[in-house]
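Both complexes shown next keep chain A, but they swap its partner, so chain B is in the first and chain C is in the second.
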Partner chain A sequence: MNAIIVSALAGVVMMFTGLFFKKSGQVQGVAILAVLAILAATGYDYFLVSQTNRSYFDMIESDHYTAWFNVLITACTTMYVLLFHKDIAKVGRNDAEYFALIYFVMSGVYLLSSYSNMLILFIGIEILSIPQYILAGSDKENVKSNEASLKYFLMGAFTTGILLMGITLVYGATGSFDILSDRFSVQFQNTAGLNAMSFVGIMMIIFAMGFKVSAAPFHMWTPDVYDGTPTAFTPFMATIAKVAIFVAFIKLFHFSFGNVNDAWQMTIAAMIVLTLLIGNITAVYQQSVKRMMAYSSIAQAGFMLFAIYAFNATSWNGLLLYSVAYTLASLGVFAVLIRMKDYTYEGFQGLARKHPIMAATAAICLLSLAGIPLTGGFFAKYYVLSATVEQGKMLGLVVFAVLMAAVSAYYYLKVIMSMYFKEGEAELTEEPNGIYHFLLILNAILVIAIGVLPGLILR
Partner chain B sequence: MPSNYYLFLSLALFCIGVMGVLMRRNAIIILMCIELMLNAVNLLLVTFSRMYQDSNAQLFVFFIMVVAAAEVSVGLSIIVLMYRKVRSIDVNILNRLKN
Partner chain C sequence: MLIVLLILIPLLGGLAAMLMPERNVHIHAVGVAITTLALAVAGYFHFTMNTPGIDLVYQHSWIESLGATFSVGLTDGLSILMVLLTAIIFPFIFISIRNKQPERKNTFYGLMLLAQAGLMGVFLAQDALLFYVFWEVALIPVYFLSSMYGGPRRIPVTFKFFVYTFAGSLIMLAAFLMIYQHTAHQFSFGSFVGAGASLEAGQQNLLFWMIFIAFAIKMPIFPFHTWQPDAYEQSATPVTIVLSAIMVKMGLFAVIRWLIPVLPLASVRWMDLILLLSVVSVVFGSIMAMVQTNIKRLIAYSSIAHIGLMSAAIFSQQAVGLQGVAIQMFNHGINIMGLWIIVSILENRLKTQDLREMGGIAKVAPAFTIALVVISLANIALPLTNGFVGEFMMFNGLFNAASPYRIAFTVAAGLGVILSAVYTLTMIQKVAYGNTNSLTEGFKDLTINEKLILILIILIILWLGFYPKMLMGLVNV
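Coming up: the complex of A and B.
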């Protein structure tokens, strides 16, 4: 697992970069090199991984799936850094530290994708969360950013306490932290043999994970935090950090609590219904596109929960595909959004005439989020839903999800309507240059490529 | 002494912490209640460690302490930042974001 070490080192290197390089351009150059080094490290890990192998006192377990997930999510992070590095550096005076925090989050991501001990699960979630509290408040002069940070911190720390209690109760029932150990498989053999302590423990872990992935009814913090956070960091928090928690979620529940799925599946189903309902319906009423994207990230989390709910190989593949499709599409939308002067729907009016490439990329990414065929989002939704169909229980849930996807098309298409069919003068904060256009086109091509050839991602 | 007593003590502490987080409005007190929750977990882990004769749980306690310290240092600095802006650490002002 070289990626964990390389990403943590990249963070340290970035902090020193802030000390030695005074020009922001140099810092950004080092940051891009650092993310490429992390990408190379994950690629090397993928090349090395043969079968499942455990390391670090059996606390880390890497297999083909996690290694491939790490490669994909790091590729998305590379895209994020390339698209946003100028905006990240402009948030405040400490440009190098922002990149350092992002790379520390990445090492949390790798821990979460490949843990096999609940200690590493806890540490991974904390490494992932603590830098995010700081990133949320990085615009120190802005009261909104401060409040987002405080709210995120209080909610996050509270959740950590609940997660720890859940882990402890599960430990009390099994006597082991190792999720692959025999003690786990004996305790969690069938639902009838489940005792109260482990049931409460599992429920607490579900609630804590639900908080972290912003599933309803634990979503209250999400819109405020994503709205208050500087726009350069929102896409990172809403996509890469969230997706990593989903992988931790599916790993814990399908590996160790798999045989007692009767006990927790109904809770997940209720969470899916609430998340889809609240996320989609509230998003319809938003005036600001940034806030709409925050609610849409709640709604997308509802779809990703289907991968946890369904219990077969398709759901693992579906989660992989959904992670990449959702991340790339959100990055594309935010890359356009961050250049706009006015974040409301009116601000987007007339963008298609003035900046056709930006408008086209945003349109493709929004269509992908809505799940229109020929874009990545379609196959992502198809896989997570077909995993549920394969399971054969609660088919009404799938029908409900499809209906909610139709609702989501309304508010995504509203942005496209503003850009293409309304007259107006969309104002930008900064004129786009060639590299930015090239990256946008690349992002749009990737979104379509996943939609045409989902086999590129599946394992 | 049976470990049940410790179990109920730490669950009681945990519930006091949860209620404090949900009911108090002062950010520092909420932070203290979160610490109470974490320490209830620590106590429970030590109890289980003794029950199973397994030292892994005590190791876990040290990790919780370290992470809690890191979390509090970040949290307090966020609260200070907030205080400088609005001269208050009441979390009700967070509702301002909703408008």
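Coming up: the complex of A and C.
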């Protein structure tokens, strides 16, 4: 698992970069090299993986899926760094540290995608979360950023406690941290044999995970945190850091708790309904596109929860596709949003006429988030819903979800309407340059490529 | 390969249109549209003559893990008719606006051609997932077109249209997913038919309604029609033509191609109710058309009535009725395109859509009046115009439907036909006869370009009226 080490090292290197390089441009250059190094490391890992192998005292387990997920999510991170490195550096004076924190989060991402021990799960979630608390508050002079950080930290720390309690209870019931061990399979053989201690443990883990992925009713922090966080970090927190938790989520619930699904599936189903309902309906009423995207990330999490609910081969594939499609689409929208002077819908008016490439990319990405065919978002939604239909239970849930997808089209299209059909002077903070345009076009092409040939992503 | 080109040429032509210099884009779009028409005509001849060595089906692997294939084909007369209609309408639209170019030409022609590619895909797809993808994709360019060009209320109106149809389509997708679970993990038409047959009645009923709602919104059938008059009124004429001549046919086409064969039991089970909705559409559309003062809304409601009759004929499930529907889908497309072109000429010269402000145009513009009268008469299916044969066959089918209420339905639908004569003739009278007023005094007669277009349309109307065998031969059962 070179990626874990390389990403942690990249973080350390970035911290020292601030000492040696005084110019922000140089720091950004090192940051880009660092993310490329991490990408190369994940690629090398993928190349090495022949079959499932466990290492580090059986605490880390890597297989084709994990390695491929790491490659994809790192490719998305590379895209994120390339698109946003200037904006990241502009947030405050500690530019090198921001990149360092991002790479520490990546280290957590790799731990979460390849853990096989609940301690690693816990450590992974902590490594993923703590840098995010700092990133949320990195705009120190901004009250909203401080509020975001404090809120996120207090609630996140509390939830971590619940997660730890859940892990402890499961450990108490099984006597093992190893999620693939025989003790787990004996304890979680069938629902009838489930004792109260492990049931409470499972529920606590669900609640904690639900908090981390911003599923309702544990979503309260999300809009304020995503809105208050500097716009350069919001897309990273809402996508890459979030989908990693979904992979950890499905791994635990498929491999360890799969046989006792009667005990927890209804809870997940209720969470799905609430998440889709609250996320979508509230997003409709937002005035600011950034806040709308925060609620939309709640709604999208509702769709990803379907993968957990169904926990079959299709849902693993669906999660892979959803991670990439959702991340790329959000990055595209945020890359345009961050250049806007005014984050409200009015601020986008007339963008298509003044900056057609920005508007077209944002439109394609928004259509992808809405799940229109020929964009990646369609097959992402298709796979997670298909997994649920395959499972055969609660088909009403699927119908409810597609109706909510129609609601989501409402608020995504509102942005498109502002950009394309309304007259206005969309003002930018900074004129776009050629590289930025190239990256936007590349992003849009990738979103469409996944929508035409999802086989590129699936393994 | 011919079949793929039918989709590929408008697709690539549309993308190219967005990137090329603005002064070339009109001629480019006309060229692409005429090439597509030539290909469609070639497809028609290959189909009728059964040319050896020409394969009208194309298949390529697409998403192997799902069992979805890129599978397109001209397999029956209905798809040929729809492909021909799609191929004919676009060159007509492009030539008819030669002298009145829209703003932002690159976007306009690019999106129009993309819409054509999507529509072709809908009519050619032989794979359920591919069909769904094209069904949605055809909507996107049309959504952008009708939001960018048209009347003052176009943005909210089009938005309603989009959200309505998108919601319907998603429910259809959920139904497709459920049917897919009963196949051997394949999306091909054949496997869907097999899976549908294996379903028990209860499941078929549920899936039937999930799919029917999507198609009914698109057609539109009462009570799902509320988006339609507003959308027709507010969109720019070229877009309205695409909407009314082709896009609403997607709904009818999809019922014949995907709904009835896949869920035959439920289609019979719910026949009475759907016949009732269809006939209500006919009567409601006709009555609403009678009281309209806006000419665009009048035509919009008359279109609801016509589509209602076609839907009734489809669900009566008689061979002769289905044949009539196939013919009428083509002819209605041609006629309504003619009507919209007439309306756009009126609107451009008088700057109003209000019938009360018109009158006396026959005195100042005889050529225009002839075109108006012929196309309007075709719209009420007078004998010797193209509308007659299809309408006759549809009534024949409806009358022979296996429904206890068939006579009542036929009489009610027949009432709709009588009403259609009333409102159409009233419309002609209000536009063309009576005294000229200050507005219509200076009405210029048709230009050469307009004459050419309208004469061509009238020729098609009369030719297919005298010699309907050309269409009937295609859809012989």
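Assume the second predicted complex is superposed on the first by the 459 of 459 C-alpha atoms of A that agree within 3 Å, B and C clash if a C-alpha of one lies under 4 Å from a C-alpha of the other, contacts with A are read in each partner's own complex, and residues count from 1 in each chain.
Simple rule for what comes next: a contact is a pair of C-beta atoms (placed from the backbone, for glycine too) under 8 Å apart; a residue touches a chain by one contact, two chains touch by 3 or more.
These numbers were taken from a predicted model, which means no experiment stands behind them.
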**OP:** After lining both complexes up on chain A, report clash or fit for chain B versus chain C.
**Re:** fit
**OP:** Go through the superposed model and pick first if A:28 touches only chain B, second if only chain C, both, or neither.
**Re:** neither
Original post:
Which holds for A:406: it touches chain B only (first), chain C only (second), both, or neither?
Top reply: second
**OP:** State whether A:275 touches chain B only (first), chain C only (second), both chains, or neither.
**Re:** neither
**OP:** Considering only the touch criterion stated at the top, classify A:157 as touching first (chain B), second (chain C), both, or neither.
**Re:** first
**OP:** Return, as a multiple of 10 degrees, the angle whose vertex is the Cα centre of chain A and whose sides reach the Cα centres of chain B and chain C.
**Re:** 140
Subject >> Which superposed partner A:455 touches (first chain B, second chain C, both, neither) >> reply: second
**OP:** Tell me which partner A:234 touches in the superposition: chain B (first), chain C (second), both or neither.
**Re:** neither
**OP:** Based on the superposed arrangement, let me know which partner A:144 touches: chain B (first), chain C (second), both, or neither?
**Re:** first
Original post:
chain B to chain C: minimum CA distance in the overlay, Å?
Top reply: 28
**OP:** Under the touch definition given earlier, write down the residues of chain A that touch chain B in their complex.
**Re:** 119, 122-123, 126, 130, 133-134, 137, 140, 143-144, 146-151, 153-154, 157-158, 160-162, 164-165, 168-169, 171-172, 175-177, 224, 227-228
Original post:
Mind pulling up the chain A residues that touch chain C in the complex?
Top reply: 317, 367, 371-374, 378, 382, 385-386, 389-390, 392, 395, 398-399, 402-403, 405-406, 409-410, 413, 417, 420-422, 453-455, 458
Subject >> Partner chain A, residues of chain C touching it in the complex >> reply: 62-65, 132-133, 136-137, 140, 144, 147-148, 155, 159, 162-163, 166-167, 170-171, 173-174, 177-178, 180-181, 210
Subject >> Residue numbers on chain B that touch chain A, as the complex places them >> reply: 7, 14, 17-18, 21, 27, 30-31, 34, 37-38, 40-41, 44-45, 48, 51-52, 54, 56-57, 59-60, 63-64, 67, 70-71, 74-75, 78-79, 81-82, 85-86, 91, 93-94, 96-98
